[in-house]
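A, B, C and D are the chain letters, set down in written order, and residue numbers restart from 1 in every chain.
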Amino acid sequence: MTVATGPAPGQESLGIEKVMTAGRAIETLVADGAHLAVGGCLYSRTPMALLMEVLRQRRTGLTLSRSLACYEAEMFLAVGAADTVETAWMGFGGRWGMASVMRERVEAGTATFNEYSHLGIAMRYRAGAMGVPFLPMRSMLGSDLVDRTDVTEMTCPITGERLIAVPAVQPDVALIHAHRGDAYGNVQIDGYLHMDFDIARAAKHVIVSVEDVIDHAEIMRHPDRTVIPHFAVDAVVPATHGSYPHELYGVHDANMDHFDDYAERVRRDGTAGVVAYVDEMVHGMADHAAFLDTFTVSEVDRSHDIVKDLL
Amino acid sequence: MTAWTTQELIAVSASRLLADDKVVFAGVGMPLVASVLAKRLHAPNLTIVLEGGIVGPRIRPGQLPVSTNEMRCAPDAAMLTDITDIFLLAQRGYYDYGFLGTAQVDQFGNINTSFIGHPDAPKVRLPGTGGANDIATSCNEVFIVTTHERRRFVETVDFVTSPGWLGGGDQRREAGLPLGGPSTVLTDLARFTFDPQSRRMVLTGLQPGVDVDTVQDNTGFEVICGEISELEPPKDRELSVVRAIDPDRAFTG
Amino acid sequence: MTVATGPAPGQESLGIEKVMTAGRAIETLVADGAHLAVGGCLYSRTPMALLMEVLRQRRTGLTLSRSLACYEAEMFLAVGAADTVETAWMGFGGRWGMASVMRERVEAGTATFNEYSHLGIAMRYRAGAMGVPFLPMRSMLGSDLVDRTDVTEMTCPITGERLIAVPAVQPDVALIHAHRGDAYGNVQIDGYLHMDFDIARAAKHVIVSVEDVIDHAEIMRHPDRTVIPHFAVDAVVPATHGSYPHELYGVHDANMDHFDDYAERVRRDGTAGVVAYVDEMVHGMADHAAFLDTFTVSEVDRSHDIVKDLL
Amino acid sequence: MTAWTTQELIAVSASRLLADDKVVFAGVGMPLVASVLAKRLHAPNLTIVLEGGIVGPRIRPGQLPVSTNEMRCAPDAAMLTDITDIFLLAQRGYYDYGFLGTAQVDQFGNINTSFIGHPDAPKVRLPGTGGANDIATSCNEVFIVTTHERRRFVETVDFVTSPGWLGGGDQRREAGLPLGGPSTVLTDLARFTFDPQSRRMVLTGLQPGVDVDTVQDNTGFEVICGEISELEPPKDRELSVVRAIDPDRAFTG
């Protein structure tokens, strides 16, 4: 972590440079018991390099929240790093099935799954981002979800309508993977944003891993592409393929063969299969680069090629 | 091409519910297959919206997405935005149709995708609502599409994840939900609609070769019959397009 | 207004084509007494071609709302087209001074200026856009603005904090000028968005004038630049320089010499000066193209050149 | 370069309030001149935010904007977003400093930019709050910057457009405003701060050559004196940069 030495004449900067390793960022900013908001959605733009580093540093007692949670949340539950997940849906989908570890732990009462509607989780983040203690919505009205979360029914102070008040969440740390950012923390994302606009504004601290650390001058060329302003960001972590094996819009597909392998371990060995996966693929690797080296060049190339077909 | 799978039958029947020039909020799987099918046949101007921030894509045949948040959802999209915007556009009332699948559905179209058994000590903890509760709340018209099994069509759902007509009558409106509500339940055996007063499910259509007794045998509550018509079997053209869309039968096998 | 004849095989469209003249759009969609939400802000991206057409068609009893209102609102008040303005600030600024017609009419009690804080007007639109009857905020608490608008104090149903509940507005028609759009109404805007994202989603009907009507294929090339989806839009009006003499980000500056002329008329003749301006520059012109022809090529070129200096 | 205009004096004094590595929500005119000046002198890493959706611009000397919503605000910006986002970022607490001008200010720093006279029958209908109320509500620290005139410094404002410390003491917090509040009032005659208990304005600084009587003569309420220091006069370097920023003296004449 370096501090700007001051601008050249006429070249004022935007403050402190925040480029650091995943190891340093997690060490500094993520404490045991923290609420971590996870960027991306399901197997898209998941901040895998950052999440695996949290596991590598063996944090415990975490709460994970996310729009839709995929197997990254399962890893945290399986090894006991997290005991609460807040999301609208947790699983994998398709041929990879449900989140069996979540089922096992929730059914045994050793973990909590706080289930909001998808708009409900969105409003939690957005209220936090807006700096208001709640936001009103119509979703969840009339459903049994109301009694099992901390939302509450309210009467509209203007119209008298029944509404749901969703309490704000301001997570301790947001973990986000993005296409690019400068050293100050101005971050740009291509394609769909998932909930990362709000997560970044809601969280108390923000760690963004980026495919490319770019010059601030490149940010200035397309300032209307900036999604997260530098003053919301604490750390910028260089991480090429930082969401791999999950997809990155416009760059690479998810590695679904790897998903098959993972799902097969779970099918065969349940929680123990997940723990073994984490031992091997997370603790067995010094960092995300080492994890990436377990994949072949042709696998990664294939995941790039499909983008040309689709977009 | 006279034979079809259960899922193909449902996909074809569901696609016929979609009129041209409308907006459909489609989940992955069956809803998306039905929507793509409709768009390729009788509803070329249908706009598909997907939860993952995607408006107006042209899904590639043979490249069906597994989740609503991945690039296979996005080819030739008109707008890529965020998930929150997609659901707020729903709440604003822009979406004509929504599709829901279900683990359990009751006679008033209430849906459970959260718990089997008591929520405090569930026999099965299901993956959760995802966007289903929001679709059930805000889309102007909701179609419930599922395979027809007795364990799915239950007298009372263990948990209301997504509200249908709640206890029937005016209860949905009284709960603060002035709009939407399920209009149709479509299965491999039958079509149900809802009585405009009681909001109770009424049998109004039978899939080819199915009789009322078969429907009752596979339904965990009393089947009330309305004016029943036989649903038109899938046409060769429909089946050939379904098979072009999902050649590996990932969702229609 | 044409209807798509149906797609070529494999080329499904998105529905009805909505390209029409400003005359036709205003005639069809703007009724006397309507609430019009005006896009842009102050003298940036003001939908001038559309607003002048509303004046040309002599609508009356209108309410205008806008983030910050410039002299376009003054024209509507001066000729009696509008009698209510909802905004956070109405004037001109700099050497052009205050909105003297607004002052005159409000001080005489013949027009209403509903003053919200700037976030207040933003929350009005956003609540309308979100489909909720109100939104909470902290702005306006403790101020006398509360008693003079329809906001109300409320208690947070979660935390018990004091908050302001801002009632939603869903204007009858939003008038927006944008950089480009396709025939279906998918609209893209460069640079700052002002409040147009929310205005478009909140309004019951939306008319967008665009510098360029582009092929849908061009929209598809950058779908993450689309700000307004086609299903929210009723009419797409081709209007090159459609915000002139107000600025268009990245394209042309405001014509401040014209502002000087306008301000001088107001200084000299008050309301009568504005009425004379409208007679001459609006009713005296068949359409926006005729209005643009009152400016010289070098004036317009100059307004383009400055963009290269600034951006 | 020992002579300076009133506005230059205010700009220089205001710029000294801004520390490095902070975020300032600046309006056009004096606040922006002061912010650009600070950034060019002692606070190179200051981030300027402008209401019109603009974060981190480098304003061009000689190209000061007239409104916060135009391209002169946007050179070399780090982010262009919408107005709503800018104010929500304020409400979220990201902005260290806000600047307010005023038509009337009272001894508790309450500001009126709406009405002169009774609001029901105003002598003057002013242009309104713009973003001032929001700045007063949400910026962590607020500076009130104005020319010093008796008609501006009034016992009681005709209307509270933007809350300062309201009636003093804990009233701001009790009104639901836990954060922010004015810390400093800066004029061409003096600097006031606020007593930490009573929240009453206290004279703590005099511009060069000004005495307490002059301040009292130009203030419509009783001036309470704290520990008073003389404010440092503008330095040549400060004045030359101000004049480079605003060579036509559009805002500093």
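For this structure, a couple of remarks:
Definition applied: a residue touches a chain if its C-beta (ideal position, glycine included) is under 8 Å from a C-beta of that chain, and two chains touch if they have at least 3 such contacts.
Computed from a predicted structure; not experimentally measured.
Counting steps between touching chains, the shortest path from chain A to chain D takes 1. Here B-C and C-D are compared, and the pair linked by more C-beta contacts is C-D. Mean C-alpha positions place chain B and chain C at a centre distance of 39 Å. Measuring from the averaged C-alpha position of chain A to that of chain B gives a distance of 29 Å. Centre-to-centre spacing of chain A and chain C amounts to 37 Å, using the average Cα coordinate of each chain. Looking at chain A, one finds that residues 130-132, 137-138, 161, 163, 191-192, 223-224 touch two or more other chains.
Annotation for chain B: residues touching 2 or more other chains are 74, 80-81, 88, 91, 138.
Under the contact rule stated at the top, the pairs of chains that touch are A-B, A-C, A-D, B-C, C-D. In the complex of the two chains, the chain A residues touching chain C come out as 130-138, 150, 152, 154, 156-159, 161, 163, 165, 167-168, 190-192, 223-224. Across the interface of their complex, chain C is touched by residues 28, 51-54, 60, 63, 66-67, 69-72, 74-75, 80-84, 87-88, 90-91, 114, 119, 121-134, 137-138, 159-163, 166, 171-172, 175-177, 250 of chain D. By the touch criterion given at the top, residues 40-44, 67-68, 87-91, 93-95, 98-99, 102-103, 106-107, 109, 113, 115-120, 122-123, 125-126, 137-145, 148, 153, 161-163, 191-198, 247, 249-250, 253-254, 256, 306-307, 309-311 of chain A touch chain B in their complex. Remark: chain D residues 21, 23, 39-40, 44-47, 55-56, 58, 74, 76-81, 88-89, 91-94, 138 touch chain A in the complex.
If you check the complex, the residues on chain C that touch chain B are 4, 6-7, 12-16, 129-132, 182, 184, 186, 201-202, 216, 219-220, 223-224, 226, 229-232.
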